[in-house]
Amino acid sequence: MVYVSRVAHFNAAHKLVNPAWDAQKNQEVFGKCANENWHGHNYELHVTVKGEPHPDTGFVFNAKTLAELIEKLIEEPVDHKNLNIDVPWMQGQFTTAEQFAIGIWNQLEPAVHAAGAQLHCVKLYETPRIYVEYFG
Amino acid sequence: MVYVSRVAHFNAAHKLVNPAWDAQKNQEVFGKCANENWHGHNYELHVTVKGEPHPDTGFVFNAKTLAELIEKLIEEPVDHKNLNIDVPWMQGQFTTAEQFAIGIWNQLEPAVHAAGAQLHCVKLYETPRIYVEYFG
Amino acid sequence: MVYVSRVAHFNAAHKLVNPAWDAQKNQEVFGKCANENWHGHNYELHVTVKGEPHPDTGFVFNAKTLAELIEKLIEEPVDHKNLNIDVPWMQGQFTTAEQFAIGIWNQLEPAVHAAGAQLHCVKLYETPRIYVEYFG
Amino acid sequence: MVYVSRVAHFNAAHKLVNPAWDAQKNQEVFGKCANENWHGHNYELHVTVKGEPHPDTGFVFNAKTLAELIEKLIEEPVDHKNLNIDVPWMQGQFTTAEQFAIGIWNQLEPAVHAAGAQLHCVKLYETPRIYVEYFG
Amino acid sequence: MVYVSRVAHFNAAHKLVNPAWDAQKNQEVFGKCANENWHGHNYELHVTVKGEPHPDTGFVFNAKTLAELIEKLIEEPVDHKNLNIDVPWMQGQFTTAEQFAIGIWNQLEPAVHAAGAQLHCVKLYETPRIYVEYFG
Amino acid sequence: MVYVSRVAHFNAAHKLVNPAWDAQKNQEVFGKCANENWHGHNYELHVTVKGEPHPDTGFVFNAKTLAELIEKLIEEPVDHKNLNIDVPWMQGQFTTAEQFAIGIWNQLEPAVHAAGAQLHCVKLYETPRIYVEYFG
């Protein structure tokens, strides 16, 4: 079993807010992340698939194919967008790094599976100092 | 003459739009950066001052003092904010990396001067692949 | 289960020496790391906690809280210090990256647990080319 | 159990081609990686061993010893070489990152074992955006 | 005057050899870089243009336009190629980082000029530890 | 004129203290950097030389020669050492990044000159967030 990872970059605006709470409570819990007029990040995404190298290619999964899936399913709907407003599959959810990584997994997993491989991990850097990992 | 640089990080939302143009023209010129609902970045800021090491300290400029100036004058008004809406000294300006770097210079220069040093350069990374430098 | 990591930086002096050995033997085993008058590093620490996103926040663990725990329990006693002399919980131990990571785990684990989360991993870079990981 | 990793760098030329296929099929599958006159990479290699810190040293494995094994067994035969032509243990294999990581594991594992430790992982960056991991 | 830089990545094979010298002399001067069967690098290219922000856009030079020029004039002819064999504008020249940076400048300068800006610097990383800068 | 830079790494212990001041004054000015029992850093050094590519090699300066000069003149006396105690050419000076960069320049400049090139810049990172540049 070999694990193959592809790194992608995109940027987006978001804010963290629980609509059931008032502004003061949101500020207490989410701090500056609750600021009303949005903030944003350069996200760095690592997508890892696993499998055995194919005898005809030596590839577990063609990195070009993986890059194309990430571009179509994640970068196109997300890059230079507002995660709270513009991304259909994040509607009704917190746009924390945790929930966003789960959302990305849910978008990628069926496509990676259909392409004959196994998705292993979605790793998402929100900043160079905060990142999350989700393994399904 | 020795040049001393201090690196800071913050993140913010913005969009690029010329209010004299219609949406189509803005999209043509600014591309995804004109998306209506904002996007954002993790900015990385390098502030460089120059001078001769002081005989009592060996410092051109105390890096802790420099960090405090950057925190008070740049990070506090800008971090987790919307550059187009929330930052008084960017009002009426494009929030391109170019204009933002000039804005940062204008905030820092008098304070660095008052502290007895010379501001040399403001270098601003908008993404890991796009950065600007301004020397006053 | 989602894994959330926070990165912190600090620097410290240390040396590697087995007090039961003479200088020559220490030099043979530890090389330049045994130099008498200390050397030092900019350490980079990644602390990973795991759990399920909370339904009220979308957070596994508030990254701000995690940063505060790391600052209080690790950065304050360790930053700009001598690991062999100044850090109570490293007394009587080798200050190798391995032992230091275990020491960091032992400081953080009860506090992370008390805050309602699970510590998963302490990853410590001694230099950009040498790092260790400890999972308890 | 503590995991200790050492990072090494080298560069090499290679190309990806299945000799059973014609040029067009190779181009279709491998894209630019099949270009006839070779291309190359700055590889970054992370070698991870695991074990318990030794009571006499606090080391799981002396990082200097690990660096010497990597230099002798991997860097010397591979650095500034052509993976398809010059490296005996890659003959008859695809020089994909996947197969190359397996080849590196096979070179290192007996030597790490003989030195009294356990090889845990070979992680190989082909570019800053594509990397593979192999755990034996 | 503001300086705007765009970073690009590509990889290529090359070797360093003076055809007027025998193999021994080439080995003496160029070391492993003279190895017969090529080696290669992941190059990182920083292209810097300078000018004043345009009053209609706040841009010195549209970074998207700059990226397109770099892609067409540098990445397409160079990426996944052999610098000594495949790149017309490097024929008859050493493929040192120095000469390659001059070659890149000569390709980009007329196009940047035609687009109404001034090329300021070509910075080229051959490895993370060796880079060159050329200012025309 | 082309500028060629070589990056090196080493680590060392130091502290910042003015012997003419008492402990309180040192603490006020130098903060944690004055802690009595030393602290340390992983320094990153960039050495830049300038000149024209030689017609026989395409090199401004052989990067291998530059690496050897840096190793002999800087890394050997400094790596894993105490800057205040062990380095002859830092005696009687503050070990600030500023003074250390000047010291490094003074060691390298005659040797680079003797080797037929011009030293242009010494750039020294004390941490990833603080660096200095000295041009002689």
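Chains: A, B, C, D, E and F, in written order; residue numbering restarts at 1 for each.
What we mean here is this: a residue touches a chain if its C-beta (ideal position, glycine included) is under 8 Å from a C-beta of that chain, and two chains touch if they have at least 3 such contacts.
Owing to the predicted nature of the structure, the values given are computational and were not obtained by experimental measurement.
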{"item": "Fewest hops from chain B to chain C - one hop per pair of touching chains", "value": "2"}
{"item": "Farthest chain (mean CA position) relative to chain A", "value": "F"}
{"item": "Most remote chain, CA-based centroid, reference being chain C", "value": "E"}
{"item": "Interface numbering overlap (same over half, different under half) for chain E and chain F", "value": "different"}
{"item": "Pair exhibiting more inter-chain C-beta contacts, B-F or A-B", "value": "A-B"}
{"item": "CA centroid of chain C to CA centroid of chain F, Å", "value": "28"}
{"item": "Cα-centroid distance, chain B relative to chain D, in whole angstrom", "value": "41"}
{"item": "Centroid distance [mean C-alpha coordinates] between chain F and chain D, Å", "value": "33"}
{"item": "Of all residues in chain D, the ones touching two or more other chains", "value": "128"}
{"item": "Listing of all chain pairs that touch each other, if any do", "value": "A-B, A-C, A-D, B-E, B-F, C-D, C-F, D-E, E-F"}
{"item": "Complex contacts: residues of chain B adjacent to chain E", "value": "16, 18, 20, 29-31, 93-99, 101-102, 128-135"}
{"item": "Chain E-touching residues of chain F, taken from the complex the two chains share", "value": "1-8, 48, 53, 56-60, 62-64"}
{"item": "List of chain D residues in touch with chain E within their complex", "value": "9, 11-14, 32-33, 35, 37-42, 79-82, 85-86, 127-128"}
